[in-house]
Amino acid sequence: MATLYLIFIIFLGGAILTYYAGKLGSVLQDIIFLATILGATSLFYAGVHINDFMSFNPGGITLTWGINYFGWLFSLIVLGLGSLAAVYSVGYMKGKKRRGYFYFNFILSIMAMLGILVSQDLISFFIFWEIMTWSSYLMVIYNGKDDQKLGLKYFIFSAIGAYAMLMAIVMVHSVTNTFLIGNMIEAYPQMSLSWQIWIPILFLTAFGVKAAMMPLHVWAPGAYSSSPMAYTSVFSGALSKMGIYGMVIILVTMISHLPQGIWFRETLAWLGGLTAALGTLWAIKQDDAKKLLAYSSIAQLGYIITGVAIGTELGLLAGLFLAVMHALFKGTLFMVVGAIEKQTGTTNFTEVTGLIRKMPWTFFSALLAIIALAGIPPLGGFVGKWMLYEALITSNHYLLVILIFFASTAAFLYCYKFLFGFFMGQEEKEWEHVKEAPATMVVPMVLMALFMAVLGSWPGIILNPINNGLVDLGFVSTYKHLWDTSILFNSWGNQVVLKPLLYSVVAIFVFFAIVLIWKGFKGTRYVSTKDISSSGEVPGENENLTFSLGFAQPFLRAVGPVMKRQIDRYYTEFADGLESFFEFLRRIYTGNGQTYAIYVFVFVVIVLLFKDVLF
Amino acid sequence: MYNDKNSQKIVDYIQNWTRKHSIWVLAYGTGCGAIEIPPTMTSRYDSERLGIRGAATPRQADVLLITGYLTVKTLKRVIRVYEQMQDPKYVIGFGSCTINGGMYFDSYNTIKVLDKYLPVDVYINGCMPRPEAVIQGFVKLQKRIGEGRATGAKHYKENLEWYRANQKKIIPNWVMPEYNW
Amino acid sequence: MKELKDNIINRIKANFKDATEKNDFSYNRLDFHVNKETIPSILFYLKDEMGFIHLSHISCVDWLEEGEFEVVFIVWSPKDKIKVFVKTRIDRNNPVLDNIDMIWRQANTYERELKEMFGVQFTGLVAPEEFILEDWQGPPPFRRDFDTAAYAEKTFWHRPGREDAQNVRETISKRDGEEIPDFAKKYER
Amino acid sequence: MELFINILGAIVTFLVAFIVGMTYGGLNRKITARVQNRKGPPFYQNFIDAFKLSSKETAIHHGIMHYLGPAFLMVSSVMTLLIVPVFTNNGWFPNLNFKGDLIFLIYIMTFGPLGMALGSGQTGNPNAAIGVTRGLSQMVGFEIPWVMALIALMIQYHTTSIEGLMEAQAQTGTWFMFSSPFAFIAAILAMFGMFRYSPFDIVSAPTELASGPASENGGKYLFVMMSSGSVFTFAKLTLYVDLFLGGAANLPVLLLKTFALYLIPILYGMTTPRYRTEQAIRWFWGWPSFFGLLAIIQAVIL
């Protein structure tokens, strides 16, 4: 079991080595960085056995490390996405400043996330949780300055979450006298009712912050968009899943014991649904790709929270499958944005247009990722969406399913905006020089895109580990009764067969693509985007005909009343209120001896008057 | 089989028949004659019964209707639109102005003879021609298509240099994508 | 209306010594003739002091025989419901006038038109080169010494056959033996 | 062998859908003309137009997505057709009839328009992109009552598959049109948006957007789009017949029922001028969604 130590030593040593190797040469730094991540990953999958725990006793506290099936599922997200993002980072960080800083924090983040998954006691869980928060905070302020206080906002919310978790840990310890998660779960049913309610609430606050759940999501758009894109793919893809990881454990092991657990579930599910709907609406409004994807992340995490919170087998399957899918497609999309940012220098839809012929592979992976995000068959996103809907319908959440449906239909608008804004539209002369991103950036994106396409027809690849994880948490196996390798069932027994669907989609598509033009693609001639029917006028070189400003204006007008106020505003008002309250308190200290004398006098009078009542 | 002469004849016949009965007119009002198109299309004269209807963009259209005088500036756009249209395509010159300049015979910026610049398949005389005359012109065009004699586009393609020289003579600043399909 | 007109005439004449009025229009029209240097100041005055806030049009008349252009500014007072024509004469060989598009933004459009059609230059006019005539290479076409028929003859093809119907009325009378009425004879070409 | 027969059946279904859809389109034009007191084109005019378009030269493309856009659209239409059971007992011609359900159907129906949207986006024509965003916005509008109606049916009969719902109708002996009237009303009102006829023709918006997403597509592109639209019309009408009118055992009954349904959006559209986009969205979130809500309440109570 020493492999686990070795992995963490590799991570720590690699992080420090990478940081200092920058002085020797950037290539060496890249190599050490990649070797650390990839070496630790391969060591983890080769040498670590599932359900093999080990304990040690520093300072009289028993700490236990080890991984179960459920953690192993999430380790796929963390290490899989982490290594691909690491390869991507090498290309992305080429020629950028502060590479050592970036690599150091990147490795620490991956290590911390893996640490969360392997820690079976609350102390190491909390320590790794804090390392994760710190390293991601340092990434958010990568640019050195925190002008818009985005990093500060993230840090404040993380701190609130951390204190909540710490309080819960202390409460648990005061009852059970141990920090082991297993013991906590065992002791939970015997606790008093108010503790049974407060401990999950405190834990869920901590996890809800990381999972960007409403109303704790306000840090996410800023933090996601201001950290470097190579890290944001991990940030949004994997780091936010740690919240889901904790949430599932709390929901399944604690709340299901609670007689009033249904209220927890319903509140969480509705919060998830609202997060999805409002996140989608705000995503449609954004003109910056990073912001758009950040809000879209919030929305997608809303689906996952809903799926997890309703708590049926199908719901959990849906939520966890969507979690994996979200890691894949949102990781890809942030990588796409990073590639575009690197090649063009901007991520604004109103500036960049018509990159499809310049960056075809980036477009290809963005297209597949968007199809998966929108949940359109035959890609993997559909599997998760289908299971989520069926779970909601079969568990009698009729209004929630409509809310979720509204969110995912409205998501088409920002999906189209993303693809259209970057890749479609007029090809401007300004971007003529743009080339495809380097291979180290393209290969991870395309690999992930292809994996998404495979998951669309063979979701069993991921559903199997999810099933093992759920069995680990105490569910019965769902294999063959909710899913087979490429067949999905709902609990009413209706099914969707995925494999022939893929074949027929491809067959029909190829058939019509060939028949469409008898002469074939080569027979037709490419004409530039300036050669369009614009009433006979030939658009000038610098005439911008792209439709990118006020993109979905009519839709936003129709939903205008919902979007009048941001939750962010309430927090700001709360902070302002606190500030003025403290300002009032400060007035008490006038610095005048006479006033203080009056205070003393008043105090004495009050004490004398109310002495019977008070004492 | 496909290249067999007789079967090619049958294919041509069917194609010409469908083209004849489905004429999509580009709604591009170039001159004052465009005012005669709404009555032709709507309830009173109802050109849709002959399969004639409007098309929104040049890519979808079959017939370019030059409704009246063409200034040099408009001619440039009309040539552009004509070249964006897909084969087979036809041009109808509409009104006296397209034939000999009409009342603008001495104007300094309208062309007088349309067929020097674009291959006209059918001219409709009159200033303005009434909707009956317009429909008569369309019927004439249908007859020519049915017989396979409406070969203006082919003519244009074969004599592109001559047309280009004429067009460039009055449009000195020629900035347009090349026409080579 | 008469008082209104008199008032306007008095005020204008008191402020602009070179202004001569022409007031023989029955209804709400009043003409002033001024030197070309006075144009911006009189228009400013009319707009700011007297409520002629709307510029209806800027026009030009070609007095070929006198060798001059007459530029006409038409302003309108929505309050008094009266329009004032401000006219000025400029040399035909050196047609230069002050730009007034800082008084009315829309004047820019009219000035571009005059520049293109008559060749009147406005000092300090900021506008693209071409307005209505694209790729125009001849002289300004609205000048009276520009012979459009000859230009058209030279530039465009003409379909033969027009000569037959040089005089439609005559041809018809010859063909049908119809009498041409007296009043029509004076319109003959 | 069975697979072969199934594929053959699918091709026959496709041809029938093509012919019926085209004829319905022609009849739509004829009826519109008669309402406007015109003679109108012959009912087979759409066939002539389609063949003409297919015989037109298509010499240009604006890039690979533009080239493939109509094919995406066609895939979606054909997949919808293959999932919807055409006859109650799978009578004369067997279809492929995948094991799919209503949720899958809703999503496969959006596959084509999005692919087409990418294709028209690549042309760089601003009208096309404006049309696409309008279409997507309208989709958010009409999907809400439509999904409400479907969910009402699903929870009332505890099945999400179309065949299951058809069996339920056969067992109870009443059409859902009568047993779940609110769901039927909501679905019919959502159908107005789905067909994009007159008050909701904001996507192609003749005289406003120059035919929107189709504005750069002529010739064979337009031919494929037109035939896809016809097949899609047939598939959607058949779906409505299956869900609410008890399905059809043979072709004449199917044609009768589908045409009766088809008349509703046509006749409504003839008297109503076009909405603006936000008006259209809000229209769908008004009465149609209210009826959808009533349908769900009815389904929960029963």
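A, B, C and D label the chains in the order they appear, each numbered from 1.
Just so it is clear, contacts are C-beta pairs under 8 Å (C-beta built on N, C-alpha and C of every residue); 3 or more make two chains touch, one makes a residue touch a chain.
All values derive from a computational prediction rather than experimental measurement.
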Chain located farthest away, centre of subunit B as origin (C-alpha): A
Distance-to-centre winner among chains (Cα means, whole assembly as reference): D
Chains most often in contact, by C-beta pairs: A-D
Whole-Å gap between the CA centroids of subunit A and subunit B: 58
Inter-centroid spacing, subunit C versus subunit A (mean Cα positions, whole Å): 70
Distance from the mean Cα position of subunit C to that of subunit B, given in whole angstrom: 38
Subunit B and subunit D, separation of their C-alpha mean positions in angstrom: 36
Sites on subunit B at which at least two other chains make contact: 57-59, 76, 181
Junction residues of subunit D, two or more chains touched: 58-60, 210, 215-216
Per-residue overlap in subunit C, given as positions that touch at least 2 other chains: none
Interchain pairs in contact, sorted by label: A-B, A-D, B-C, B-D
Subunit B residues within the subunit D interface of the complex: 14-15, 18-19, 21-22, 24, 42-43, 46, 48-51, 53-62, 85-88, 181
Subunit D - residues contacting subunit B, complex: 29, 33, 36-42, 45, 48-49, 51-52, 55-60, 206, 210-211, 214-219, 222
Residue ranges of subunit D in contact with subunit A within the complex: 58-65, 67-68, 70-72, 74-75, 78-79, 82, 96, 98-101, 103-104, 107-108, 110-111, 114, 117-118, 121-126, 129-130, 132-134, 136-137, 139-141, 143-144, 147-148, 151, 154-155, 158-161, 164, 210, 215-216, 220-221, 224, 276-278, 281-282, 285, 296, 300
Complex interface listing, subunit B residues touching subunit A: 28, 57-59, 76-78, 80-81, 84, 175-177, 180-181
For the subunit B and subunit C complex, residues of the former touching the latter: 72-73, 76, 99-101, 105-113, 116, 170-173
